[in-house]
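Look for subunit A in each of the two complexes below; its partner is subunit B in the first and subunit C in the second.
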Partner chain A sequence: MSPPALSLAGLSVSYGRTPILRGLSFEIAPGACFGLVGESGCGKSTAAFAALRALPPAGRVTAGQIGIDGQDVLSLSRAGLRQLWARRVSMVYQDPSRALNPTLTVGVQLAEAFTVLGAPDPMARAEAMLARVQVPSPRRLLAAYPHQLSGGTQQRVVIAMALAKNPSLLVLDEPTTGLDATVEAEILDLVDALRREQGTAVLLISHNLPMVARMCDRIGVLYAGILVEQGEAGEVLGAPSHPYTARLVACLPGAGRRKRDGPLQTIAGGLPAPGAALAPCAFAPRCDRREAVCLSTPPPERWTGLHMALCHFTPPFPAPPGLSAGAPAEAGARPVLAARHLSKTYAGPGGAVRAVDDASLTLAAGETLGLVGESGSGKTTLARLLLGLTAPDPGGTLTLDDAALGPTIRSRSRNDRRAIQIIFQNPDSALNRAQRVRSILTRPLVRLAGLSGRALTAALSELAQGVRLGEAHLAMRPRALSGGLKQRAAIARAFAGRPRVVICDEPTSALDVSVQAAILNLLAGLQARDGVSYVFISHDLAVVRYLADRIAVMYLGQMLEVGPAEDVLAGPHHPYTAALVSASTAATRIRLKGEMPAPGAVQAGCVFQANCPRKIGPVCENVRPPFDPDAVHPVRCHLPAGELPRVDRRLAGANS
Partner chain B sequence: MGRKLRMVAVRCALSGLTLLLLSAVVFAAGQVLPGDVGRSILGPLADARAVAALDHQLGADAPPLLMYARWIGHLLQGDMGVSYAYRSPVAPFIVRALGKSSALAAVTLALVVPLSVGAGILAASRRGRWQDRLVNLGGLSLTVVPEFVSGILLILVFGVWLRWLPISANTRPGTGAPEQLRHLILPALPLVLVLFGYIARITRAGMIEALDADYTRTATLKGLRRSQVILRHVLRNALLPTITVIAAQTSYLLGGLVVVETLFRYQGIGSLILTAAHGKDYPMLEAGILTVGAAYILSAILADALVAMLDPR
Partner chain C sequence: MTQKLFGSFSRKRTSFLFGLLVLAFWVACAFVGPFVVPQDPYADDLMNALAPPSAEHWFGTDQIGRDVFSRVIAGARPILSVAPAATFLAALCGTMLGLVTGYAGGWVDTVLSRLVEVILALPLIVVALLVLVALGPSSLNATLVIALVFTPIIARTVRSAVLAECKLDYVPAAQLRDETALHIMFVEILPNVLPPIVVEVTVRLGYAIFTVASLSFLGFGIQPPSPDWGLSIAENYGLIVGGYGWTVGFAALATASLVIGVNLVAEGLQDAAR
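Moving on to the complex of A and B:
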């Protein structure tokens, strides 16, 4: 039998004196795909760099063995290591725009991978490789600089570079984080197809459990640098043998779960700080199954066939105590916020660019409208129009509680301003770094709610309690808080003025699943308490589905479909919605023709026709499909209602 | 390409505007400075009528706006005016001083750029070790020593004690170029010391950013040799900020060297401006300052063009 593509045996790695990985052992068979999952900070990326002996200067292997194709990697000379890098292993990381050298053309960078191998005519090989990763017009791409390409194309170039040497091991570190859903699906399909062709083994590192489940044969779960469970992918995520895995899976808003079904599971506490002393079982402090033995004796490796769990106990694990759930808010009938025919045209270098094109929406009290679309679809511009940060083109109207709302923030009364607030993806952008959380929250209470004295103190403590920030957190500056706590502070800031509508712009996409679950619960709870309405922008359909009552799908500035959440996701839906839904399911994906074009001038026909897999003919190019924003579930498509597509929707996260 | 051309055109127009504003400011400041042209030329004992007559003859008794308008009008025709103090056209003085300043600046740059960029690269690749600390601390300490202090020390050590280098920057007419260069080394050294730390630290920061960048790791994992990684992937990105800084320092070298020029009795444009300011020689003063301003703007444009060429973004 040929040796494993990668074998780690008792691998320990430290940064300086801080241990990051502790005795990591697993193997990847030739051509197999192994997924490594866990919360951020658990050591996933360190494992990837260590496996390739490409740790940053401060990192050092303190114990253990690394084998690639049976070769002892730790004993390689400098030249031997370079040969290993040049011929056997490749790595793709999270942000393709940073993985490519901004000052060299794609062709030069890609050709290097062949030059190193001594291959003749590297430029021609580079062009052929680009064709294999299915980019449009490979020849033209050779002369392009990375910044001229979309994120999806950049990642294809990185993958082309990685696969150029026909490696026996490919390490993917969060390869699709930051890419749009349909692009992510295409990249994953591509990697999957190419690695099968070439027989490349893959180490896939991700915090996205559903994605790992789809791609991998086996999965390992890391906690605080320790592999707590490994086994066949379906088994590990479907029937976890370690309490940590079980809780991680339960955090996902999967299986068609909705906010009315109750809050999501969360994991109390956080990862131990780097360098902190660990309990004999590292997870014990956060574990529901904890008994005295967990704090006195290190857990044994329990093997069942090829499935290992590092735990004193066997499943089933007791269900964690149910979270007390307030009844979810019932969406009222009365519209709070209504937008009619909002458009926004920017003057671009190549002519006018229509960022938002005739968007209309209504939002009832206590309702959540999920706003779904890929980057460039106009979601964020629409949010800015609602907030009054950008003035719409003449002709659009906004109403708040049936009264006209000024187009810009300056033209709005203080009451109107405090009525609409926003939560950003990156809480850092909403929190003044120089101030303590207390003053960050006090300011809107004074300015927007007009409070002072004792009423101010009372409101502040109520606000902090509402997002579960303690007195200690109020005294800290934002940089001292974790990502989840920062987002809580940003949510508290948005809620300080008792808003009617809060726009949530991807508020959880930078967070771990356990923290995401807590934030989603918090948002649902605040909505139940205050009857606030949300416009919830996200690319994660499972998250949108959990929180949204209605969903609007945007593409190139237009709303293609609006309707009740269940109906939009269940179909029949717009061909684009079908592609989005299929991108996040285990079923066959619907392929789009090419990527979303850059937003441009107003088009005569349907904005989606160039990419549409269900295009009828010239009618799509020349005639705008009808769209009645006042209907219950309008779909902007020329296809007759009966012929609209429908996706077998087993949403990812169901882990079926 | 059209976009780039337009950018250049806009840039040039803005530069012209900047120079015009600069001349107005200098002119206004000159009016406020105490003193009197005729008086400073003829001395404190001269007759008041003689002073008035000289002022009239020089046009220095005209209303300020008229004086300014006359001067700008001449300047646009390429005439920098006539020096009050020397009673001869300003332009040859400026040209000669600019030539001398350029020679000194060139010698300084030729010494400091390879030294400091090399030291910055060394410091970045030996991060945290003694070489890094030496470059960082040494550079910082040298930067804060004023030129007249280091200049005097250097004169004492190399000029007086060791007698390796001539202590005067000036050479007799007819001296060959190598000997002229040798005379410029000692005046250039204090400037090298001041600039070294600054450029080295900027280079080090740029190198460290590029060395830690994902694309550098991509290149390393392609199996390229370390030297190839550094030459092809790291340096080009790392040196962009350094180029901008060197350009900014070039203009300082061309115009701000009053101390060093005085110390080595070198008639560069810095001492020319200083003398003109003392003597209320407005035409000379303004032409000098405008020349320095133009040099400043020109070097900034050149640096931007170079950066734009190296960085496709």
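Moving on to the complex of A and C:
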């Protein structure tokens, strides 16, 4: 039997004196795919770098062995290591725009990969390689510069470069984070196909559990630099043998779970800080199954066949204490916010660009409208139009409680302004880093709620308690807070003026699943308490499904479909919605033709026709499909209602 | 930032600390120099003119017998009053201008930025000379002219920093809670753009010292009988060929060390701000 493509045995890595990895051991068989999952800060990326002996200067392997194709990597000389890197292993990082040289054409960069190998006619090989990663018109692409390509195409080029040497081991570090759902699905399909074709072993590192489960044969779960569980992918996520994995899986808003089914599971506490002393079982302080032995004796590696868990106990683990579920808010009938025929046109270099094209929506009190679409679909511009941060084109109307709402903030009264607030995607950008949390929260209480003196102090502590921020957090600057706490501060700020409508712009996309669950619970709880309405923007359908009562799907500035959440997701729905839904399931992935066109390129007809797998014919190119925003579930498509697609969602809950 | 500057040892920090030491020395001279110098920097002694360095006159004497050492030490005061005052004034105006143009955008930005570019396009010394000829040479006028010329440069730096801040979401968040433009500019944005402003101002201080020395040398800056270094060089440079180098050399060295000291500090700040 041939040696494993990668074998780690007791690998420990430190940065300076801070241990990051502690005794990591696993093997990847030739041609197999191994997934390494864990929350941010658990040492995933360090493991990736260490496996290839490509640690930054401060990193040091303190113990253990690394074998690639049976070769001891740690004993290799500089020259031997270079040979290994040049010929046998490849790595693909998260951000493809940083992996490509912006001053060289794709052809030159890709040909270089072949030149290094001494292959004849590198340019022709580069073109052939581009064809294999399924880019449209590879020849044209050779002459393009990286910045002219979309993120998905850039990542394809990086993958082409990585596979040029036909490596025996490919390390992928969060390869699709930051890409749209349909693009992510395509990239993963591509990696999977090429892996089978070339027999390349893959180490896939990600925080996205469902994605890893779909891609990998085996999975390892990393906690504080320790591999706490490993085994066959379906088994680890389907029947976890370690309490941490069990809780992590329970945090996912999968399996069609809705907010009325109760809050999501969370994991109390956080990862131990790097360098902090660990309990004999690193997870014990956060574990429900904890007993005295966990704090006195290190847990044994408990093997069941090829499944390992680092725990004193065997499943089933006790169900975590049920979270008290406040009844979810009942959506009222009366519309709070209504938008009619909102458009926003920007002057672009190639003519006018319609960022938002004739969007209409209504939002009832206590209701959540999920706004789904890929980057460039106009979701954020629509949010800015509702907030009044951007003035819409003349012709559109906005009403708040049936009274006309000014198009810009300046034209709105203070009461109207406090009625609509936003939670931004990135709290690092949304919170002023020069201020302490206390002043970040106090200011809107003064400006919007008009409070002062004792009432202000009382309101501040009530506001902080509402999002579970302590007195100590108020005295800190945002930089000193974790991602979850920062987002709590941002949420508190949005709620300071007792808003009627809060726009949530991907509020959990930068967070780990356990933190995401806590934030989603918080949002659902605040909605139940205050009866506030949400416009919830997200690309993660599982998250939207959990929180949303209705869903609107946007593409190239237009709303393609609006309706009750279950109806939109279950279908029959718009061909684009079908593709989106299928991208997050393993069953039957619907392929889109080509990429989303640049905004403004579409003049007449349906905005989706160039990519539509269900295109009928000329009517799609020439006639705008009808759309009645006042219907219960309008779909902007020429297909007769009876022929609209329906995705087989048998596996849609596979991520549970 | 403080921790980065004074933390553990490194070559960069050594040069920053050295620069700081040089600067501190000259600042101390500017404050107390005139009171501690061994001899009156203004007292002439024609009997002792052009004496070479000796135990009595460490740096020798100039052509009317004034003690060069005392004049070099006392000379820190005029240059270190004009240059920092001019830089501070430019920093104040430049920061305001940069904040307004960067935050307001639109036609305000277009008009003010073009104006800034016009001033930037003019050669510094020529403008300064022109204005000083019109207003008459004096320390105050030199201060005002240098401030005028430096304002657009600082404004440009501040504007680009403000533009980057305006892309962050805390700015629309402030607009959404009904803050005035003044509040957003000065309370929300300004603290976040202070590090680049501090760096720019320190760099400008180096240039300002150089400019003051040049203007004084040309006779348009600080006026005699001040012991100012540029002035001293101008008064004595003809004597170098006669072998009386000490009358010029020490003032030149003093100017150079001050400029280098300020630049080392600026470099250190720049690294720390990154």
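The rule we apply is simple: the second predicted complex is superposed on the first by the 648 of 656 C-alpha atoms of A that agree within 3 Å, B and C clash if a C-alpha of one lies under 4 Å from a C-alpha of the other, contacts with A are read in each partner's own complex, and residues count from 1 in each chain.
Just so we're on the same page, a contact is a pair of C-beta atoms (placed from the backbone, for glycine too) under 8 Å apart; a residue touches a chain by one contact, two chains touch by 3 or more.
Because the structure is predicted, anything quoted here is derived from the model rather than measured.
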item: Subunit A as common anchor, with subunit B and subunit C clashing or fitting; value: clash
item: Which superposed partner A:116 touches (first subunit B, second subunit C, both, neither); value: first
item: Which of subunit B and subunit C A:463 touches, first, second, both or neither; value: neither
item: Subunit B versus subunit C as contact partner of A:91, first or second or both or neither; value: first
item: Partner chain(s) touched by A:424 [first = subunit B, second = subunit C, both, neither]; value: second
item: Which of subunit B and subunit C A:548 touches, first, second, both or neither; value: neither
item: Which of subunit B and subunit C A:179 touches, first, second, both or neither; value: neither
item: Residues of subunit A that lie at the interface with subunit B and also at the interface with subunit C; value: none
item: For the subunit A and subunit B complex, residues of the former touching the latter; value: 52, 54, 56-57, 82-87, 89-91, 93, 95, 98-104, 109, 112-113, 116, 145, 147, 158, 161, 165, 349
item: Of all residues in subunit A, those that touch subunit C in their complex; value: 384, 387, 389, 409, 414, 417-418, 420-422, 424, 426, 429-435, 443-444, 447-448, 493, 496-497
item: Residue numbers on subunit C that touch subunit A, as the complex places them; value: 168-170, 172-179, 188, 191-192
item: Subunit B - residues contacting subunit A, complex; value: 3, 127, 212-215, 217-225, 232-233, 236-237, 310-313
